[in-house]
């Protein structure tokens, strides 16, 4: 299974990068989201995956049993997901505003700040 | 959206989901859930309600701007974090009541903290979505 | 074949195949509503998968995720409908 | 040495931000809270600095979980120095904002977010945990996103889209690096990582991880060829915001580079060469970029890049002397760059333009202000004995030490171009007869402002100018601090012992 | 009326929870049923008693509904898996007897839940329900089947 | 004993879901697709959930399963209704072989009024 | 002593209020400062001539070994006296020259600042301190040259001057640091003892190269000389003070000062002789064709500086003595000439030498001063100039190699200089007074007395050499050679070759004066080659740099976000690929990986196709919905691999994101097919390579075994200490609660941002 996930991770990164290199604002955001997903999955996978043993202590036990998934990457990803949600939400709204003000979705038409010397 | 069906359903869904969100918040320490998901569910409840009844009605239910839930929640979190300072312990050290409370289980700074998370998440989601809806 | 094996090796793959079939509709569209409907159905199927999987792993806590999934699926549908009407209004 | 209160600079800023959020609509109250709060923050930072100076690195294990299980905060000399500079800079900007930030922005959360940003900076400087560092970086970027877009002008939005995109990309790279690092070591505590990374046999993977960190932080610190977001955006927001950005944002990237590449990844020959090349080209690109600009904020933006190159050069030389130089430069640059953007704000308030072609006549009309503005300008150049000079001295020495004469050459070239650019700026903006202030521009001119606001603007510039004068004239003290920082960085044993206990 | 009954029922079950100190869902359900029975026992008012007679009717209705559900499902299933379409779909206007929000909503939802039919919308004057149906051999017959089936049974429970 | 129930419930549940899946692909128009999916899937999921409840034999889980089923029974039709009406009003076409369309002309896209009677045709102004 | 040096700076600070206090009257009083300093320094004369040195030390930056270390020996004393003495006269002169000028206060402030810096330079006993004051002279001169800041040429020349001297200054810094690096000694007085060690060091060529650039730029040596004529745009007092008497001599001072440290090495000597020689000839020939008095003086100054460099390069005792004398000689007559040029300019409004004549009739005292200065310049006995010139010939004639070549060069230079001196000092006063200048009158005494004093001194020292011989020149020579010299200055050496050469020089020069009449035509012919002169080359270089900067900057910062991203990503990709394929052994150990089940494969397939669909779909909404599918598949993967909390969160977040998207993008235009196929292929390749790299990296990391002691700790302590059973949640709210606190803060900020972004609309007055 790791192999498949490795491929998916590569695919997510590749897709994300391809998307941020496009000229459309919306694609840009989608690309960033895909990249974020890729990074999260990467943390998950590199924390080593364990099937079917969530890190929840059984109702009668006081510690996790022998086999359990590493809880730390999960916590990290949770934090990362939430943070990227915040950033993404902001970025999405930014796109909306930018579109309203600049009146285009085409990034190539947004280079005034670099041009005026 | 003025559909009787949705509006009626949402009237029932709102309390149900809010209850559910508190449930998720409280059990987070023992089972999947916690302040974040709980907060999201609560805000989803309000969002659904606002979809059905219009923003104004939902605002009337909340009574103040949801944005204020953010500093309030942060006060919870910072309070839970800084309380150990009083007893000379590092920030965010766990302080616990010795015995479990009924229903809620063990009560300690972690729970206050999670409540802070819950409130902030509600505040954030609602601020974002309401603002968008208003300016749509 | 025990019950768990049956669920794991028969039912679960069937549900997985369902997702593929539904996904075909998702890809085909043609309208946004079609995609929303198939997304909703995907989520519903996901609930089934979760339920079977929780039996397989003996982890009833997974059922809670099913609950949230149901809630979310509803929200998604509602939001898309909302959007459809809004878009209509703005055009 | 353990001290539970070293996170106070962070928590205090958070507290301030919360208080400010509660007085969302009262703009005057917000200004008061922000100013007084920033002053208290400076006092806290000073106390902490003195404490650390006397007893050495201090540590708190958040949640009382011993390292490496919880999140560690470490206040070594470098960290407290950065915190101190941040709060000083923050105080300056806070006062400046009282005079220079429009009420509309104040009513939409300018001040809370400013303090969130400062909180993020303090957090990043004190973090002893690599993931926690990531989280602080996120605080920094989200606050900077909000600040850079607040008001939503066309230019602001266009600039911010580039800013946002490239910063998010940096975050992704950083996160990827953390993932790989965790996958290799199973740890996140930086002191613990220092030990664990050293033990990894597969050095190839360690080197790859180092590359990811280099690029991730490299984007943040705006080094060649990763800096594009900076010239595209820094000149777009209101000057108070550019000031805090110009002073501090890239510096946190430099801080992270210095920290990570002395504690966790000891650079090999390839990295040393790579960093040196990047440093040289950063200096070069920044300097010649500034050479052709006409907008003073763009000039300063490119100069930020140029001078980041100096600091990177210190890392590229990788000797104690060179790091000392880099840290000294960092110290000087934070104060001066913050001030320069405030100066640009003042110039804009007076003349209603940032264009060098239209600016002019300050020298004639505002001689005292000109003198004041000359201090940061010429400090930047490193006219001895102003603050920029001393750092360069050490950097050149460091370059000689490792026989990297090319890098020394670039440092000299960069300094020369800086000198030339600032002199030209002076000649154009101050000496030249200025255009008359246009009658009905959309700004409120300096002379139309209320006296309190004018005082706030001038006082903040004066405050930071005095600090930079102090850095230059009291160089001895700064050097001692930088020396301590450099030696702590190059030999992190004390740091590790403070975090992990004696081994 | 029903609402207050229901609320007091709920209140009682929470009190039960507090008294027993075991805050589990089972306990709540148990408490709810217990209080339901107790309230039924202590109720003398005939009108109020309706609240309690509704229980059995409701159960009956559930079974009726399940039957409809499975029946219609099979019908649809057949249509789905066989290559030919047997359906004769259309949007039908059904006049409503149901009046309150709850009544209309429940009715519409039940119709939707039954395979082959989908409530699209209620007119603004609440007089008609527009239903999309798959098997409409005869319009009048279809309308009658809804009105005599779901609507009547539902209103029996609710009113 | 309970195992047999589980076999039956899970199997039939899966079949209903499969039907819904095939239905959503095969049905010729959106409304038919909605019709097929809402019911079949809801039923299928319900059955599978009941199977799970029987499997775990724990009241807490049973109650949770009931809660989920109830919730789905409440939301699925509302959702179907929402998307259905929105689609209709935004111009999604009925299957060409549909026999009736009583909704036609009842909706005023400008005022968003849905009337119960046919609108009197106003003379069109140009 | 520190006070003496800092006095200039302190006074500069209070100058504005001081001048205001004097209210435009008796601003001459300001000259009391340099005068008292002059008196102060002259009081050291006896001790210095007795061979003492005076030291002062005050720690400033001890960790760097930098202190306010000052040191007064013969060399320093000569310079301090020049600085304060001529300073006094210039201050006096200025009070009249710029009488009533609006910014007189600033002018005096800069002038005092400059004087302080200059004193610092010549007295510094620490190479860093020296550099600091060195740079301060550049800066204060920048302000002085640009004093008439309304005029564009004035600003330009200030910039050029600063550019050149600042450029040199940085090289000097590098040289000083290198020197300090070699010797670990910053004390100049201690460095001479290490001369041998320095010579032997491999960095020695670097050191002298850097020091040379510093000195040559400051002292206007070829090819850096061109800033000096430009700097003459400054008011005359500035030209007098900075560009003849003091600042330009700083480079000479530097060379002299470092002669005992770095000198006595073939590279040192040869370079100086060549550069000095070229400079003196080149500038001397330029001087004779100028029409502008100041231009003439500027070039002749450059030439004189060349002579000094040349003499220091010769390095013999005789040459150094000659240099010491010539510094004084030149200061006296050149300052005089500048001051009278200022007077002429001030009174007649022109400096064109071809138009000026007969001014003797209206300003005789000025004419006398001019005559004396010109004669001294010409080296006609009994002036001090004669003494100087003799010494020069003496030095060249007795040099080891190529003595006649060197002497020839010196003669040509001297002839030209004589001519130039006559042009400046005699020509304007001789002959018939043009009518235009009939109304010209003698300026106030404050203006003509200072040049007169200098001129008279030049005559006086020539007639009575012992006045300066013992007290001044000998200590200098001993400072430079580190030996006690045994010579005396004489006006008369008897008949010998040197005398013959002097006579020849004077005769040729005077002959030239009568034959060549300066005119536009001559000037035009002489400046024919300006196109390839160093100045125009530098200007061309400047244009080239600007052109290149524009190209480079616009190439990198081209405004297109995607090119920025491509650059960044290519950089990262290249580095990763390089390190991956050169440093990592790629292998995969399949046994550590888990099996693949059908439903997982299916979900992964769906995920992959959803990703691809997201990328290639033509509809924005479809892309968003497909992203939703990706997210939901994620949840299932999280779920299968034991992360229920993650699954929950991902579900909710994903839905929220999709909803946000949907709410926001409804009014955006349709996706347009914006990029070309070629671009798409390029981007696709980059993306695929990067993705593949990440995949390989991931696989390799998966091969490593990793300790899980932290997770184990969590697993064991979560319930016992954290009192929770959901370990992930315990981590989130307890073990790593700080992260969560920051995380919710991020959310709050984002919400504030969204709020302000959508709600805040600036009124036009509030825009900026």
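The letters A, B, C, D, E, F and G name the chains in turn, as written, and every chain counts its residues from 1.
The rule is short, and it goes like this: a residue touches a chain if its C-beta (ideal position, glycine included) is under 8 Å from a C-beta of that chain, and two chains touch if they have at least 3 such contacts.
Note that the structure is a prediction, hence the values are computed from the model and not measured.
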| item | value |
| --- | --- |
| Steps needed, at fewest, to go from subunit C to subunit E via touching chains | 2 |
| Both-way neighbours, i.e. chains that touch subunit F and touch subunit C | B |
| Winner on C-beta contact pairs when B-G is weighed against C-G | B-G |
| Chain located farthest away, centre of subunit B as origin (C-alpha) | G |
| Relative to subunit C, chain with the most remote C-alpha centre | G |
| Centroid distance [mean C-alpha coordinates] between subunit D and subunit B, Å | 36 |
| Euclidean distance of C-alpha centroids - subunit B vs subunit E, Å | 32 |
| Centroid distance [mean C-alpha coordinates] between subunit G and subunit F, Å | 79 |
| Residues of subunit E engaged with two or more neighbouring chains | 108-109, 119, 121-122, 124 |
| Two or more partner chains touched - positions in subunit C | 15, 17, 19, 36, 59, 61, 64-65, 67-68, 71-72, 74-75, 78-82, 85-87 |
| Two or more partner chains touched - positions in subunit G | 557, 559, 561, 565, 640, 644-645, 648-649, 652-653, 656, 659-660, 663-664, 667, 694, 698, 701-702, 706, 708, 710-711, 714, 717, 725-726, 728, 732, 734-740, 743-755, 757-759 |
| Which pairs of chains touch, using the document's own definition | A-B, A-C, A-D, A-G, B-C, B-D, B-E, B-F, B-G, C-F, C-G, D-G, E-F |
| Subunit G-facing residues of subunit D, complex | 14, 21, 62-63, 65, 68-71, 102-105, 107-109, 112-113, 116, 119-120, 123, 131-132, 135-136, 138-139, 142-143, 145-146, 149-153, 161-162, 165-166, 169, 173, 176, 180, 183-188, 196, 200, 202-205, 207-208, 211-212, 214-215, 219, 225-226, 228-229, 231-232, 238-239, 270, 274, 285, 288-289, 291-292, 302, 348, 363-364, 367, 378, 383-385, 389-390, 392-393, 396-397, 400-401, 405, 408, 412, 415-416, 419-420, 423-424, 427-428, 430-433, 442-444, 475-476, 479-480, 483 |
| List of subunit E residues in touch with subunit B within their complex | 17-18, 21, 23, 101-102, 104-105, 108-109, 119, 121-122, 124, 126 |
| Footprint of subunit B on subunit C - complex, ascending | 61, 64-65, 67-68, 71-72, 74-75, 78-79, 81-82, 85-86 |
| Subunit A partner contacts - residues on subunit B that touch it in the complex | 30-32, 36, 124, 128, 132 |
| Subunit B to subunit F touching residues, read off their complex | 1-3, 5-6, 9, 12-13, 16 |
